[in-house]
Amino acid sequence: MSEWFDIGENLLDGGVPPGAIEVKWDRYRSEMQLLAPANKRHYRIIVVGTGLAGASAAASLAELGYTVLNFCIQDSPRRAHSVAAQGGINAAKNYQNDGDSVWRLFLDTVRGGDYRSREANVYRLSELSSDIIDQCVAQGVPFAREYGGMLSNRSFGGAQVSRTFYARGQTGQQLLLGCYGALMRQVNAGRVRLFPRREMLDLVRVDGRARGILCRNLVTGEIERYAGEAVLLCTGGYSTVYFLSTNAVNCNATAIWRCYKKGAYFANPSFTQIHPTCVPQLGEVQSKLTLMSESLRNDGRVWVPSEPGDTRAPANISESERDYFLERLYPAFGNLVPRDIASRAAKKMCDEGRGVGPTGYAVYLDFSDAIEREGIDVIRERYNNLFPMYEEITGEDPYHTPMMIYPAPHYTMGGLWVDYNLMSTIPGLYVLGEANYSDHGANRLGASALMQGLADGYFIISYTMEHFLASNKREQVSTDHPAFAESEESIRREVARYLSHTSGKSVKQFHWELGRIMWDKVGMSRNAAGLREAIGEIRALRKEFHDHVHVPGTGEELNKNLEMAGRVADFFELGELMAIDALHRNESCGGHFREEYQTEEGEALRDDENFSYVAAYEYRGPDQKIVLHREPLKFRHAQPSHRSYK
Amino acid sequence: MSTFVAKAGSSLGKKFITGITGFGLFVFIVTHLGGNLLLLVGPDAFNAYAHYLHTAMHGWFLHMARAGLSAFFLFHVVSGLAVYRDKLRARPERYEKMADAGGTSRKTLSSRTMAFSGLVILVFLVLHVAHFRFGPGLEQGYVTEVNGVEMRDLYRLVVEEFNKPVVVYAYVFVMLLMGMHVRHGFWSMFQSLGLARPNTVPTLSGMGLVFGVVLAVGFMLVPLYILYFIPPPSEAALAPGVLP
Amino acid sequence: MTTGETMTLHLKVWRQRGPDQPGALTPYTVTGVSPDMSFLEMLDLLNEQLIERNELPVEFDSDCREGICGTCGLVIDGIAHGPKRACTTCELRMRNYRDGDTITVEPFRARGFPVLKDLVVDRGAFDRIISKGGYISVNTGSAPEANTIPVPKYKTEAAMDAAICIGCGACVAACPNASAALFVGAKVSQFALLPQGHAERKVRVVRMVEQMDTEGFGACSNHGECEAVCPKKISITYIARMRREYFKAALAGV
């Protein structure tokens, strides 16, 4: 049917347990098989990643008695990129008495995801949201509070209630330090062995099951083998495929991609989130884009000049010559529309020639009204670190000149396909947090990534994994197994290949060029012609990369260019899959906007009849076509409707 | 978990000891300065004060004060040097280039030279005690009478000593270092004892500067005043064998 | 936002091939530096120019590049994280420099932070200190309802002022004594200020200080240089608070 993929005959089954959605999870987890407490220590669990999902999972499993091996590429688990989340974490506590409930959070999330997520998963997430807040407060996370000592909330994009808990503009940091503390407590107790500065380069399967991983020790260059009874991937998203993104420069898709190549299906790769409020790009050699928390849209008003080509300073543009386009287009939600909508609207304004700043690719985020209304001190307290951060980057004072913002790649809803148990298509391989595709459908609402990472790690994986382990016979696998040796050999070959050229373009240049293709053609809005071009260009660039990339140094030392080479090699393949997926999905939904499929007003046009499914791709070998498997999505509670924020 | 003694030897314990003994020494030098300033009042006032210290509580006061002070000095020096040793160990490879960050930093020439100024003061202290405490006394003819009581003429000894320019300038130099030591030491002891609060740090640091200057100037005042304004007693009165 | 002119800069960069190997400051010239670049982007540019000349690039750590992960950290012209206050190395912009400037770049130096390569150091000591008590011992699932214990706003704020530490190690790097007191003081204070942290308050401070000493950091002698270079402006009064906690624990016989 397609030149790029075959279609799988059988539909994928998410394994959602029976029963009413409100009691499904509770009943399911109560009926699961358990392991005797004393037995758990005989099970070695490999957890890759120490972000919110990884650290919370490693800590919780160790608390239960498992022996946990925990890996991260950073020098310390505390540096995982969850640390950079700014705005907050949602929970259906209804502390504000404004009509929130588990049900409303569930509906908001499904709708925010543009009806491309699995209902049962989202409901479970909403249900667990309150427990997360309890857990974090008990850990000493200093959430913002009111004078009376009670927890404070704020509103966030895509919601009409205030359900977001926050710790200034550093919520991710504080939540991560909470799990990091829990993790280090288990390290001290000897139940977690920590392996920092290790990069997972392959998954080992024995008899089909995930039984181990291979890592490169990033300091010594040694290839190390680790065996275990289950492998948990908590390795985050792949926005860095765009080179410029809000993600950390070491974020990568290598762990999930290598598992994909070992048989785990990759779901909805084209579902990427472009965050509306980032500091615009300043120069060609920029290494990353900095996010300005979405919470700024609570007080900031987004505008551009009414007339194209207006280059006057913002102060000289009178009120009547300004277009507060989000308030104009979406009166019900105004500046608080979901991220995909806000991003696209900003792009549209810039495409009309009404963008501002030196490049014309920026819009204003103006705080003057809020400052006048609430006073500069209130605004300063509320956004504490964000304004100085902006000033540091741009050299402009946002208290007096409107901020300039532009969308940037931020989060990937796509990831390895998982069932209700968070298990991939490889038995024993679990995928948690942003690395899986699960709960956010085609667009993630603000303040729900932290929620998902922690729900997966604290409250879901321990049950579902235990059930899996208890229902399978425990068999030790040694790292001397031929599967490990084979895998190590292929890694050594790969490393040697990268190091074989002494001239040519650097890894970074290739990455930058790939990023350009991805941003231009597989970015915020896509069309069939562009996507086809992208696939061709990526393939050509990939060939050039493998023939000519120049990586200096050796493999037996700390060598960051070598690390990046492997990641960029995977990005080429992933980028192509993203383009293929985007090309196949002939509809617009959430973060995936196909120019051919839009309403007359330029809004996304979903096609529920043909595309109400999760697209999961199977890799079958270097010379074989990939296979598209579909998991149909059924909506019994959140009735798909046109997603309107007007 | 560690014992109480081990805690006293921890990085925090050492600084506690340095701080608490530093406080004792601070109180001592403030009273010492008060005594010194009596020199400017006249021979009798000064000699009477010295005599009083020697005879108070049948001499026990001085014994106890000496024992206490010696202990304070000992602990202050030992813990201070231990901190300095730790500092040398904690950074085996030095920076090629080092600069001050400025801003809210309390790092000053004073704070960087605490071990040096402390050691100079220690050497000074030994000489100072040898000079005056164990220097010439009644047997050598340094005798005077105040209100009918015969006592050591310490005043004369002091005036003689401070008429030697070398002694005075050496003394002034040491007092400069002592002032610097107090400048950092004063605020630092509050911080080391855990008593500094966000709203008191600037005040304490400022007070350190004031005390440093006042003590240094106060102690310098006496020798300089003597050198320039009080002539030495007649050479004949000088006993043989006295240290220059 | 500035555009246009680029600068040529002279760097003296610490090069060291591996742990326990000799190192030296090596001169480099980097061209085409734009004032909008961050300091690390300038080093990226230098590395691209080195790779082009088939020389080994300078290794340095960085990750989020927005001042929150604490991965980056260089001593720039003798000051940890460089000349700007409240700013990490990755946030420092080249507009703070002039064309033709010479900049010395060294790794964080301390016995507790051994150099791994060039400007990359091992800060595992911080993790080991945290493992001794930088947490509240609460197992997953055993937490009470979040609003059960009210916490006064000023206490939460004070705890947050400490909790904001990114663990970069600049405090150690800048301290003349290479002391880790600010890092430990911040963590101890965060939990001492919150009611949730009270149960293990005394044990926590004693264990963490023990580990801090074991790692070979110096004793804090109150220079306050740590606060001045701290990218999050953490106050040295948290060191005083740690000391109060420690002395109380010592008196209580913990």
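So that you can tell them apart, the chains are marked A, B and C in the order they are listed, and the count of residues begins at 1 in each.
Here, contacts are C-beta pairs under 8 Å (C-beta built on N, C-alpha and C of every residue); 3 or more make two chains touch, one makes a residue touch a chain.
No experiment lies behind these values; they were computed from the predicted model shown.
Trainee: How short can a chain-to-chain path be from chain B to chain C, counted in steps between touching chains?
Mentor: Counted as steps through touching chains, the separation is 1.
Trainee: Find the most central chain, measuring centrality by the gap between its CA centroid and the centroid of all protein CA atoms shown.
Mentor: Most central by this criterion: C.
Trainee: If you count the contact pairs for each chain pair, which pair has the most?
Mentor: Greatest number of C-beta pairs in contact occurs for A-C.
Trainee: With centres defined as the mean C-alpha position, give me the chain B-chain C separation in Å.
Mentor: Taking the average C-alpha coordinate of chain B and of chain C, the gap between them is 38 Å.
Trainee: Hey, how far is the Cα centre of chain A from the one of chain B, in Å?
Mentor: About 64 Å, centre to centre.
Trainee: Roughly how far is chain A from chain C, centre to centre by C-alpha average, rounded to an integer in Å?
Mentor: Each chain's C-alpha centroid was found; their separation is 27 Å.
Trainee: Please set out, as single numbers or ranges, the residues of chain C touching at least two other chains.
Mentor: Nothing qualifies.
Trainee: Quick check on the complex: what are the chain A residues that touch chain C?
Mentor: Interface residues on chain A, with respect to chain C: 56, 59-60, 63, 74-79, 81, 83-84, 93, 95, 130-131, 133-151, 167-168, 170, 173-174, 177, 180-182, 184-185, 187-188, 194, 196, 219, 248-250, 282-283, 285-288, 290-291, 357-358, 388-389, 392-396, 404, 458-459, 462, 502-503, 506, 508-509, 550, 552-553, 557-561.
Trainee: Per the contact definition, I'd like the list of chain C residues that touch chain B in the complex.
Mentor: Contact set of chain C toward chain B: 12, 14, 25, 75, 77-80, 85, 104, 106, 109-112, 115, 174, 176-179, 181, 203, 206-207, 209-210, 212-213, 216-225, 227-229, 233, 235-237, 239-247, 250, 253-254.
Trainee: State the interface residues of chain B toward chain C in the complex, per the touch definition above.
Mentor: So the residues of chain B touching chain C come out as 1-2, 4, 7-8, 10-16, 82-83, 86-87, 89-107, 111-112, 114, 184, 187-188, 190-198, 201.
Trainee: Report the residues of chain C in contact with chain A in the complex, numbered from low to high.
Mentor: Residue positions touching the partner: 1-3, 17-18, 34, 36-38, 40-41, 44-45, 48, 50-52, 54-57, 59, 61-71, 84, 86-87, 91, 93, 95, 116-117, 120, 122-124, 126-127, 130-132, 134-147, 150-153, 156-157, 159-160, 163-164, 166-167, 190-191, 194, 196-197.
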